[in-house]
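What follows is a group of structures, each given as structure tokens.
The following pair of complexes shares a single chain, chain A, combined with chain B in the former and chain C in the latter.
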Partner chain A sequence: MKLYIKSYSSYRSDKEDIDVKKELKKRYKLDTRRQDGFIHLGVFGAQRLKEESQIDKHDELYITTGIGNIDVLQRTHLYVCKEKNSIKPYDFINMLGNTTSYYIAASLGVCGKTIFQISDNFTFINSLISIYASINQSKKDAILGSIDLVNYPDEVIKRVLGIDEDVEVISSVNYQKLSLCSKNALAEVEFDAKTHSLDEIKAILNDNNTKILLSMRCNNLDYETYDKFFETAASCAINSYIKKAQDLLYVDCFEDKYKILRLKSLS
Partner chain B sequence: MNSYINSYEVACSAGDIKALMNSIYEKKTAVSINTSFIEDTPLGLGQMKYDDFYDLLAEVVQKVLDNSKLENFHNTLLILGSSVGGMQESEKIFFRDKNYKNLDPRRHSIHVLSDHLVDKFSFLDSRSLSTACTSSANALLLAKRLIDVEAYENILVVGADALCYTTVCGFHYLSVLSDKPCTPFDKERGGMNVAEAIAALLIQNTKDKDSVELKGVGASSDAYHMTNPDPEAKGAIASMKAALDDASLNIDEIDYVNAHGTATVANDKVESLAIETLFNDVYVSSTKAVTGHTLGAAGAIEAVISCEVIKKGLIPPQTGLIELDNKSINVPLNSVAMDVRNVISNSFAFGGNNTSIVIGVCS
Partner chain C sequence: MTKVYISDYEVLSSQGDLSQTIDAIKNKNIKISKKIITTDIQTIDAPYFLFKDEIKENKDEIYGAIRDIALKIISKLDVDERKSTALIIGTAIVDLNIAHAIESCVYEDERTEYSSKKYSIDSYAKAIANEFGLNDFTMSINTACTSSANAMLEGANFINGGIFEKVLVIGVEIYSAMMSSGFSAMNLLSLESQKPFDNNRDGLILGEGLAAVLLTKQYAPWSLMGGFCNCNSINITSVSEDGGEYVEVMRNALKNANISVKDITALKTHGTSTIASDLSEINAMKVVFESGVVFSALKPYIGHTIGACGTLELAIFLSSIDNGFIPSTLSCSNPMLKKYTPLSTHKECNNGVFMLNYFGFGGNNTSVIVKKEQV
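Showing the complex of A and B:
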């Protein structure tokens, strides 16, 4: 399966010191009321993508995340349970995945299909597979937003992610505009639904001449690892190599199964 | 590649699929009135009886496997649609401890239900979708697309949502809940009933003698308002049209619309307008009057109902209807026996997320 990347946007909280909510109000003149940090982050990434490319109103919108927004759940349970207050309607609405998609779609002006896909395994690659299957039929372009939000204290998030307390977690939002058409594309990304065993992946990597980057879950392989852990890290890694106009072979792992992404720069 | 629905099962407030269809045709609601979720506030809810939701989930999936030609799910993709995921258990922990310190990370997020099934059944791969009331309808949509591109041969679509205090209260404070069993499309409808359910369908690229075909899927996004649908029904119309185009069917080849029909003022008004605009006298009913609104499980459970309607050749009557609000749509008060060639099933969610599924006799 192959998709072409026409444009992209990236943000990592450890690389840029930005007040996302203020930026949405000041720079993009958007109304941020009744939304939470997760929605703000998603809309922020979308606005950055909009600055880089033409968005068609029929583009399909996919949003993916590893764990979504734990903060709104915690906060809501806190004031309902401890303080005996009733649920605020906007908190309830914001718990739903498609609320994030709604705000992002509204900010981009798209009215095509919107899907919110969440998983703890191969989050980004599986979303690419879903998009490929969908636009293969619709012949539209697609926008993929990958959002990971950290709330502090980050103890709960680390437990849900299954990582050690001393591993640093960051917030990140990354977008790609994807197409089946190669015209004006910055890069192509190739992927497969197939998962590989450790032996299979070692053989693939041995035969490979491209730069290799592993997700932090790939403990049994001896190559460079991406520097931060978040479920949608693959999306950020891909974008950083598109920016450098370099090819990349990215390897992700979940429970001893491996999947790969091959990025080829067209710049 | 065509997609065939070859095995399915449900668990809901009305029971299993056999009990559910009996209730639908006998116009017997399985919604009960509950005053314990919100103090002194009667609410119509669709509740199941179980000890552990995860065990019930596995039981339903096991039944689908037992009724199929597969020996196991090792070559099957799992796509699960849910709006609350593991929140029922996280709530219990929080209400007990007043904090999340003892939160079980394997039982919290949206994908924990699919993780549990992967552990039990060793699925080839898994996905979870969370788009509120369209979650499992979108799971069916994705399943068809993945079979279209030959990415997988077998896909198990599961819709699952457990009743949670948070969701019941959330809908209550949006003023959309009814204190009685809901009455979709009725002039005096008073709102929806939150419910819980599990439904599973095995979709394959091969057919057998009892197959029903998943012919078309369509989706759209209003982005009109975070809760209310576009009053001109543009999103709902687009979704149904897309599904019909995908199925390569004309309007007059649809014999029944299994409506989203939540019995809220907004949804039923807009959905009626969409059906009135697109169709000419097609039979319409909402089975949520029997099951309640099962949220993320709605798309899957109503796809199963649609399969049964086709196999039985019997259009379901509208339970609870006294006086039809929009008299331009054809909502039967009694079951109608006929050859049912194709059914379109709608699911519409907050934020204007709309999905329609066309199911029919094998072509």
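Showing the complex of A and C:
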């Protein structure tokens, strides 16, 4: 399966010191009320994408994440479950996945299909598969947003993501505008629904001449590993190599099964 | 384009399994319970469509319930079929793994030793896929009331694209104190009964539901002809009074299914019985079905099952047709519009083309079109 990347945007909290909410208000003149950090992060990434590309109102919008709206979940857990208060209406609405997609869609001016989805493993790659299947039918373009928010204490996120206590987690939001059409594309990304065993992936990597980058979940392979942890790191890795106009073979792993993304620069 | 068929479906509703639910609907003998729901302003003893046997709001019991419904379908698949079956869950339930992690490390008096294992809301799907040898591909979709309806359309895309041979779609909604309190805080709940498209309607009644639907490219009498989903509304909680957003999604569903409005035998509405939503929906129906349409709402039988309503209402509707009738709409005695009145008695019907609508918070709207061949 192959998709073409027409534009992209990236943000990592360790690389840029930005007050996202302030930026939304000041730079993008957006109303941030009744939203929370996860929604702000998603909208911020979408605004950056909008600066880079033409958005069609019928573009399909897919949003994925590793853990979801952690800040509203943590806040409501405190005042609902511990302090025995009732949930506030806007917190209730913000807990629903499509609320984030709604605000992102509204900020981009898209009004077509919108999906908020999570896969336990390979959530970014599985979202690419969904998009490929969908736009094969609809013949539209799609926008994929991958949002991972760090909340404090970040131990909550680490316990849920299944990573060591001393691993550093960061916030990140990354977007790609995707198409089946290669015209004016910056890169093409190839992927598959199939998972590989360790032996199979070693054979693939041995035969490969492209730069290889592993997710931090790949413990049994000996290549360069992506430097920080967040569940949708594949999205950010892809974007950084598009920016460099370089090809990349990205390997992700979960429970001893592997999936790969092949990025080919068209710049 | 590969045709997508609906080859199997199972439910667990407040009325029981599929045959128990159809019997309850046929005989209009509906069981309903009550739940205390608390908000800052009030505590209400609200009607609630609960399962006969309680499923507690914890990970193990929820997994057990999803597993049981999935197994009813999976048990009929051989090893090779299972390997080529993807699993998608549509649900709006709260991620209890995060709640557990919060409890384990945020509150000093409840702190536990550090341990971590990867979890997400999709972990139920992953566990089922692992246990029964399904394909590695799993996904969970949360788009509020359209969750499992959207999951079915995603599943259909996978089969159309030749990516998977089969897709098992499961809708899940289990009672949650937090979720029901949220609905109450928004003044959406009725304390009496649901009255879809009735001038005296005053809100919805929540319900628990589980429903599994198997999509395949192998021929079956029922096919999923197409559908459409949009995210288009004037604000996060409501749509425009004229229902323009619903008109768009219905017309696009018809276009994608390659049929015209006159081909529709009957319409399963979303029909929540809320003041605003029913008004928008009936106004939209007037525009799309200018000459009128046979229509009904299922929520008075099973409640509003939020994320599960996609697969649950589809399975119940299909099974009703299989049993020779379109269910009537309960409790609509003072209809909003004379020309657009829901069925007041069950209508004989064995086949046809049907539109099923689902409209949710955050402007997420979905319309699905299915067909049963004349046998």
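Heads up, the rule we're going with is that the second predicted complex is superposed on the first by the 264 of 267 C-alpha atoms of A that agree within 3 Å, B and C clash if a C-alpha of one lies under 4 Å from a C-alpha of the other, contacts with A are read in each partner's own complex, and residues count from 1 in each chain.
The working rule: a contact is a pair of C-beta atoms (placed from the backbone, for glycine too) under 8 Å apart; a residue touches a chain by one contact, two chains touch by 3 or more.
Computed from a predicted model, the values in this text were never measured in an experiment.
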Answer with clash or fit: chain B and chain C placed together on chain A by superposition.
-> clash
Kindly classify A:N85 by the partners it touches after superposition: chain B alone (first), chain C alone (second), both, or neither?
-> second
Touched partner set for A:T225, first chain B, second chain C, both or neither | neither
For A:E165, is the partner it touches chain B (first), chain C (second), both, or none of the two (neither)?
-> second
Please write out, lowest number first, the residues of chain A touched by both chain B and chain C across the two complexes.
-> 1, 61, 67-68, 70, 73-74, 76-77, 80-82, 86-89, 91-93, 95-99, 101-103, 105, 110-121, 126, 129-130, 132-134, 136-137, 156, 159-162, 193, 195
In the complex, go through chain B and note every residue touching chain A.
-> 77, 83, 87, 90-91, 94-95, 98, 100, 103, 105, 108-111, 114-115, 124-132, 134, 138, 142, 145-146, 148-149, 151-152, 165-167, 169-171, 173-174, 219-223, 226-227, 235, 238, 246, 349-353
Mind listing the chain A positions that touch chain B in their complex?
-> 1, 34, 61, 67-68, 70, 73-74, 76-77, 80-82, 86-89, 91-93, 95-99, 101-103, 105-106, 110-121, 126, 129-130, 132-134, 136-137, 156, 159-162, 193, 195
What does chain A use to touch chain C in their complex?
-> 1, 61, 66-68, 70, 73-74, 76-78, 80-82, 85-89, 91-93, 95-99, 101-103, 105, 110-121, 123, 126, 129-130, 132-134, 136-137, 153, 155-165, 193, 195, 254, 257
Chain C to chain A touching residues, read off their complex | 1, 38-40, 92, 94-95, 97-99, 101-107, 114-123, 125-126, 135-144, 146, 150, 154, 157-158, 160-161, 163-164, 178-179, 181-183, 185-186, 228-233, 236-237, 256, 360-364
